[in-house]
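In the two complexes that follow, chain A is the common piece, with chain B as its partner first and chain C second.
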Partner chain A sequence: MSTVPFDINTFSRRILGRCRLWGTILRISIQERIVYRGDFMLGTLMRFLPIVTQMFLWAAVFAAVPGNSGGETRIVGYRYQDMVAYYLLTMLSRAFSSMPGLASGITREIREGGIKKFLIQPIGLLEFLFFYRVAHKLVYYSIAAVPFAIVFYLCRGFFLHTPHGWEWAAYVASLIMAFLLGFFLEATIGLLGFWFLEVSSLLFIYMLLSFFFSGHMFPIDMLPQPFYTIVRMIPLQYLAYFPSAVFLGKVRGEELVMGLLIQAAWVVTFMVLAKLTLQRGLKRYSGFGG
Partner chain B sequence: MIPLRQYLLVFGTFARNSLIRDMTFRANFIIEFLSSLSWVFMNLGFYILIFRYTPSLGVGTGWGKYEFFAFTGTGLMINSLAAMLFMTNADNFGNFVRQGNLDFLLLKPIDTQFIVSLQRIEWSSSGNFLVGLLLLLYSLRQMNYVPSAITTALYIVYIICGLLILYSLMFMMASTSVWLGRNETLFDFWFYIVNFARYPMEIYEGRFGRPFRWFFTFIIPVLVAVNVPARFIARPLKPQTAQDWALAGFTIVATVAMLVLCRLVFLAALRSYRSASS
Partner chain C sequence: MSAIEICNLSKTYRVSRKKEGLWAAVRGLLRPEYEVIHAVRSISLTVERGEFVAFLGPNGAGKTTTLKLLSGIITPTAGTATVLGHVPWKRENSYRRRFALVMGQKNQLWWDLPAAESFRLHQQIYQIPPDQFTRTRDELTEMLGVRHLIHRPVRELSLGERMKMELIAALLHSPEVLFLDEPTIGLDVVAQYTIQQFLREYQAKKKTTVILTSHYMKDVAALCRRVVVIFDGRIIYDGSLSSLVDHLGAYKIITIRFANGTPAGDLGRFGQVILREPPRIKLRVPRTEATEIVRAILAQYTAEDVSVEDPPLEELIATLFTSAHRTGEESLVPSPLHSLDE
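Our next item is the complex of A and B:
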């Protein structure tokens, strides 16, 4: 590091430079994504089809729950409508937290040597991937907004509880942090490729656990002990369950504040972990491929 | 016309070659075997969780925990057979069309649909079949029910019908790649439709459920594929209703109709095939 005395002009020029760099990565990546939009909207609409089955399945389940009658039957505090709303909301959470191809992409770059370009260019690997992903997601949301809006409008009757005021802010914060957590978690897994070269089995285990324990398949409140306590302690729930629970008003007051803080702590943890893994990995990197 | 024996011989060769290939890349085989199994166990975990909260799916449908597990076992067997025999082949069919490799298959002195459908056997799905079978046997034991020889025979016949219905649907969709060039969305669509058949048809109830059930029973008959055999073995309602028998009769008709339709679509696709690259 140089020991030039602090100069506000140089400093602001450097910040400005950084921002311009980030802007450029963002712009290039957006253009790249738009090219491939194709039958994307139809594909997104179809992704909601399994929810149709879930709606009927849960209707049948709720109808048969003993000791209750009418619309007030509850399973772990969820009414039928809450349950359907929950599944719709996890679709939205997953739209933020899932990172298709991130980990496997990083490992491929390591294996095939593509990562070398980040060693000589003035852009960090994580930095580039992060803005690439932000661009990817921005394009995704701008196109997927249409099918999402259609489905949520058609299903508006299932939302018995909608957030108000600062609950919205908490919800948006939890979604953004779900994105950050998903990114740094998967980036860390991908960066383990410095040691393993192939992380597909590791990634598969992660995907499996995350599908079951993030709350994508069912609200994790349904889990019996001791699974419930364990699942509440690991970070996966913040990828899908937590934002949806915030939206449905399941976490309130102090619990909500604590939840957001713990989520933020996980984000920071994995951010640091990803950076450390990259640093350590680059030290043992031997530059395969041409 | 090549006699049936020859077809069986060729099929045996396909199965053997696929097994040799799988055993060559053994680690990959084991990973695929385990990964498809773990999805199954995850789904079972979800079902066990559901039945912690409810005694049955729907009121008065008879689908209690073990009846439903027998259903799921049946569905697992049918789906794993479809995955084992046809899934990879349907996927490859699109590639053959795109890359022009179908030319070589057309030259072979054997029915083209036969080669295209069965060339590659996915042995790694066999684990799911076994889990399905074990789940079925376990559920039958829990229900204290020993099916008669006739019931078992009917069950096997209807499993084959279900398999053929799924096959026809899959290959009709795969055939469209001749016209569309690329049809990944359509292929996904197959998965989504088959997804509807994962639960007993009684869950499709009410203002939207009834027409939905009707459509996926009589127009696109995916619901009968698993439901009809499962009803024979799990007997959710005893004695079985006349409606059940009517549905069983319809399933035979539907299977034949789907096979014929699939054949017609396939032949039409071949006629429109214009090769590629060379």
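Our next item is the complex of A and C:
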């Protein structure tokens, strides 16, 4: 192909063709996901249950803290309202960054041979899975939007700080990057299935670490030193904690810009890592016997 | 130019050898033992454009491995191959747009959606121009008689209908080379026949180069003039189906319907009686003596009907494989046979 001179027409036609392919994957995946809307509906409802327990738990914790005077008690800088707002926001972050079935799906495709399709047809596995996941999320949001809106409206009193102006843009950017990071991170884990036929225990460890260090369980800035510093160096916080912190105005100015840049860097890192893992994996797969 | 050229192609796998028992399992963890499997042993083969070739062989003989090599799913241990001038395992998109692989046991269609949607996706994957796409799709659905089914979710289709949809999906981009791995596996006789007819018609029209592996000899007999028999990773026969039958068929089957019931006397002296269903008798006789024996029978009895046939193909192939197993080497089919049809 290197002998073909660059031609802007061929190039733009190719780009256009690619976009049409992505559009088609998206459209068809949306249709497919809609088949499972009932399952989604139930899943969304279940998501709100833990938050109620969290509210009771933290209410009890705050009440037990000595020197309690109304709503102004703070635990490591968090008021009760901040805490509830944090959990609600984390739920939203995770609606972007969690990738149910991605890693295990990839491993299954490898084990059962469905991966062959991507060796035979002129389409990339990651490319396909990405748009499939986007479709999955879009269908999910369209169904979950109503319950989410109701819950956030009911809990509006807990939000003592809401973003304004540029903070909104930063928040949306951090959510989108949380999605990208979640996708490439879990795809990489799934692609390890080329070496280990079963990644479920690996995935379990990842989920466990993620639960603690993404900020899903509690805000990570509550951690004492040196754990806080360590946790800040690994990418998991960008899946849940960071977007919520942006929304709550806990990171601002230069720190916010740096945070977004580091998040972007992690996205690129895992994107490259996923690609490399796929390449090496396919090489191994085709050497081994398909 | 030939469509497919294979030269000394080999594929060797290493699989870990698991022994029985707990102690052996523990030892296996510490010092794994491997077993080398020669799936394909230095095969060479040329297929011209527009040929319809069958790969025959027992399970594990290397047929599917060869197809996997030719479609670029696996890389060989040694040797070379080109398909349409491309090295398959480089997996260039320019090659991937020109061939298709259909595996009878693998499902490529979206289970919960109508086949029409999977076809749309294939249109985009293979960048098929819209008018060509519509034309090809309508032509193929017409030929297979499934036009009315393309808007029904795939999961609601029968196995045969699904296979037809799989074929259509694979042919939408008009591949120049088509690999079919057991395309009629598990199908009922009617569906098998429809697919056979379709493949024959399609191939005659488009002059596609086709390699087919199948366990159904009917598929092979109906479709392929050239047969490549693979056994234990080697090609042990390459030539026409008819000369394979001639060579293997050391016996002929004589069926006689006698005019007035089964005659008295021992028919066993003419040959081996394999069916006694008065007034019909089936005899297995040595091929060279068949005419002689028919004459002798007719001289002694009055017959309503006499036919002389080759034994069923399945039986022949089974004989071929069992004797190959016994001799274990390629010496089974004498070498002159290799070039019988060239």
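One rule holds in what follows: the second predicted complex is superposed on the first by the 277 of 290 C-alpha atoms of A that agree within 3 Å, B and C clash if a C-alpha of one lies under 4 Å from a C-alpha of the other, contacts with A are read in each partner's own complex, and residues count from 1 in each chain.
Rule of thumb we're sticking to: a contact is a pair of C-beta atoms (placed from the backbone, for glycine too) under 8 Å apart; a residue touches a chain by one contact, two chains touch by 3 or more.
Just so we're clear, the structure is a prediction, and the values are computed from it rather than from any experiment.
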First (chain B), second (chain C), both or neither touched by A:124: neither
Touched partner set for A:101, first chain B, second chain C, both or neither: neither
Chain B versus chain C as contact partner of A:116, first or second or both or neither: second
Touching partner for A:25 - first (chain B), second (chain C), both, neither: second
Partner chain(s) touched by A:46 [first = chain B, second = chain C, both, neither]: first
Contacts of A:77 with chain B and chain C, given as first, second, both or neither: neither
Which of chain B and chain C A:286 touches, first, second, both or neither: second
Footprint of chain B on chain A - complex, ascending: 39, 42-43, 46, 49-50, 52-53, 56-57, 59-66, 75-76, 201, 204, 208, 211-212, 217-218, 222-224
Contact footprint of chain A on chain C as seen in their complex: 11, 13, 39, 65, 68, 71-75, 89, 91, 93-94, 96-97, 100-101, 103, 106, 108, 110, 112-113, 117-118, 120-121, 123-127
Residue numbers on chain B that touch chain A, as the complex places them: 31, 35, 38-39, 42, 45-46, 49-50, 52-59, 61, 185, 188-189, 192, 195-196, 198-199, 202-206, 209, 212
Partner chain C, residues of chain A touching it in the complex: 1, 17, 20-21, 23-25, 28, 31-32, 35, 113-114, 116-117, 119-123, 283, 286-290
